[in-house]
């Protein structure tokens, strides 16, 4: 069902964990639906210095979360916002169709974390 | 499907053939239906001295024809009229249900031959 | 005693190569394709491989156009009832032929009770459907045309391509019952304008209890069996993976070997037919002489009845049939032979030889050796046989 | 790596003794029971032997009350639609439960579109149906009550005998989906007042693509598949003799070995359940503790999701399920767990272990060895896990 890359990210998730003093936090999904992801970011000089995640969900949900952290790390905020669900799936070698729509929320979580950071910046 | 006795009478029919100077002839069935039997009898002193048959039809039709000649031979006319389809089937060790109704016409053919003989006698 | 089985239309052995692959999926790799774990993943992958093989055999454009079922009868049910119920907003008229398999006949009767109209095109004395007559029956209420590719009993193959064109031009769903033809003659569903095509696994040396229905993309069909939504929702129930793998393998072998086997069988068939017509008086060939399945010889012997012929041959080791195995229990003569214009007593006296790849020239020789005696004996018993013939 | 397959509800190996008898009827004795010759006669005789074996397993009075089908789903279709359509002159109301298999659910939905009324009896938090509640739903339009013998997912077995009595007193057809139960717990259709009973072959180590429906003498049922009139006209299509023989053999073995195997499995099951509840925090048993299938353990782990648990276990060689294999592709949590009152996130975190006769105590030990680590790892990844738990 899953590609080897998906299984690798599922078994050895990159950047798993919280960032207690995160500059932005984004949460998408709902445990009721079976998927909940939180992405934490640390920003420096308009760049995503650190990206971490915590995820409740299926194998695809965990793997896409892990992948988004890899893709996002070191990118500018603008570049981060341009990472799409499709990018995440492509970098994992593809996802089963049923998972494309339901569990591929990681890009949304990243975007939400960046928006959160921006909102906080404005308030400063 | 068929008992050994049926197969025996089918493969080695008893009293097969015509009686050119028969005292009575009975034919039942119809080639259109797939079964046609003719029974020939020779009568002496109110007894069935000889009984022969010719049959177009399935295995059961041939076996029951053969059996009726064995059952009838030597019997009185009254006894002959009392031989039933069930007697024929029983003496063959049974027949498949579907064949009981359709191909078990031999008793009828015998009865018809006896009636034919009686009719002829009356006319004499 | 020699054993010569020539009733392949009623039942076939499974090819040992097919059985071998079924073994693995029966005993070791028994996962459910819906499962998320590795057993499930491997089941899912052989499921789609098998689908590709079947699709390739029948010239489907996409493997997903193939739906696995439990056999030819179920495929026919899904095709006919599936199209009828799903398209009843468009019309209620179905065109079929007088010589279809009993399953098509009974499905149509069932639909007639529910208000559908069914036209049955007659055939000529060789069992051929006339496409023009079929065309004349089309109305604006016609939603389905169903014609068999070949008749398993008389062997006649139909002008499917021509009928497909007619159906296509009128934008009417075209179903073809190819149960007796698939694996024996080349079929290309896409090119022949076929929208639905029924096939059965055992008829090509695959496992019994397996079939498939080709449903061309875009064809609207309602399922007959509701449930877990397997086979794109069109045929629910846990997939019979050993059966599906077996059918896939059988399709692959059939595709590879069809040409060689067809030649082999055609030769046996023609030797048998010619031999019988030459040596047995008042014998006749039923069906078309050349537009016929390579493995089918349907022969008629005047004055005697088919079932007694079957029994007589069985006693000398030869297994044949008197028509469709399904209908033989009703004792009715074959509706196919009657539709070709044969008299009842002629229909009763017909024998169907269906050969398989294990049959050899020696088998045919043996049949030609024993058959005349069996016919003669039964003719001696029959009151219909002309006296001259017995001398 | 050790391999421990505990997803028998999704797919089972065929018992090698079953496969052995199928071999003969696949390769050598491949006659059609409708044929008149010796090949046909021998097929007919094993057909009725197999029918007797299945009849005996489920306590049918007469073998002819058993109709062979292509699986549990088809049996359910024949039972529910067959009774509904055939008895619609009497009424249009069907009573079933909230935890039936997806096939029953979807068949009922199909019937609702055609004007039938369906009442679904709720279950308690252990998955039990209350016969009194069921009785209250009966109206003079009720023509069918359908309740599963056991649920393959949560393992709970129902008070069938009691419900049968209620149905019998009200003279309503009583259908029981025993697909998950047959061969595992004793069933006596006659004594339990069951009119129709669905079973599946693979669920008792028989071939896939085979099932049966018990139809008590006198029960009026309309066929779902029309055709050549096999199986007393209730299920047309050439009989799958290897499959039928296999199912017969599987039924025979199940009957002989049920008691011993039941003890063995119950012991494994209870060791597994106790071991998990003892060693893994925030874990729970779903379903009834004692009224449950001997081979089923349905366990819930808070804060994590089932599919990732399945994958995690698969990576260490353990195959399990997160619910009905059929529904797993929809990503919806189990309707059965929701019907028992579980919250969505609880339902998402459940795992189904279904053991088979090849499983050993060592298998259970292995699961108890690896499962805590898999759960722990996923809880570390999950944002829902309470901080205290991770220390």
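Per-chain numbering from 1; labels A, B, C and D assigned in written order.
By our rule, a residue touches a chain if its C-beta (ideal position, glycine included) is under 8 Å from a C-beta of that chain, and two chains touch if they have at least 3 such contacts.
What you see is a predicted model; the values in this text were computed from it and never measured.
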Problem - Chains touching both subunit B and subunit C - result: D
Practice task
Between A-D and A-C, flag the pair that has more C-beta pairs in contact.
Solution key: A-D
Handout entry: Distance from the mean Cα position of subunit D to that of subunit A, given in whole angstrom
Key = 40
Handout entry: subunit A and subunit B, separation of their C-alpha mean positions in angstrom
Key = 91
Problem - Whole-Å separation of chain centres (CA-atom averages), subunit B against subunit D - result: 56
Completion exercise
For subunit C, residue numbers touching 2 or more other chains are 36, 40, 307, 311, 329-330
Handout entry: Multi-chain contact residues (two or more partners), subunit B
Key = 59
Completion exercise
Chain pairs that touch, by label, are A-C, A-D, B-C, B-D, C-D
Handout entry: Contacting residues of subunit C [partner subunit D, same complex]
Key = 5, 7, 10-14, 16, 19, 23, 26-28, 30-32, 34-40, 43, 70-74, 76-77, 101-103, 106-107, 109-110, 200, 202, 207-210, 224-230, 236-243, 307, 310-311, 313-314, 319-322, 324-330
Problem - Of all residues in subunit D, those that touch subunit A in their complex - result: 303-308, 311-312, 315, 329-331, 333, 343-345, 348, 380-384
Problem - Residue numbers on subunit B that touch subunit D, as the complex places them - result: 1, 59
Practice task
Would you mind writing out the residues of subunit B in touch with subunit C in their complex?
Solution key: 2, 7, 10-11, 13, 16, 27, 31-38, 54-59, 61-62, 98, 102-103
Problem - List of subunit D residues in touch with subunit B within their complex - result: 36, 40-41, 44
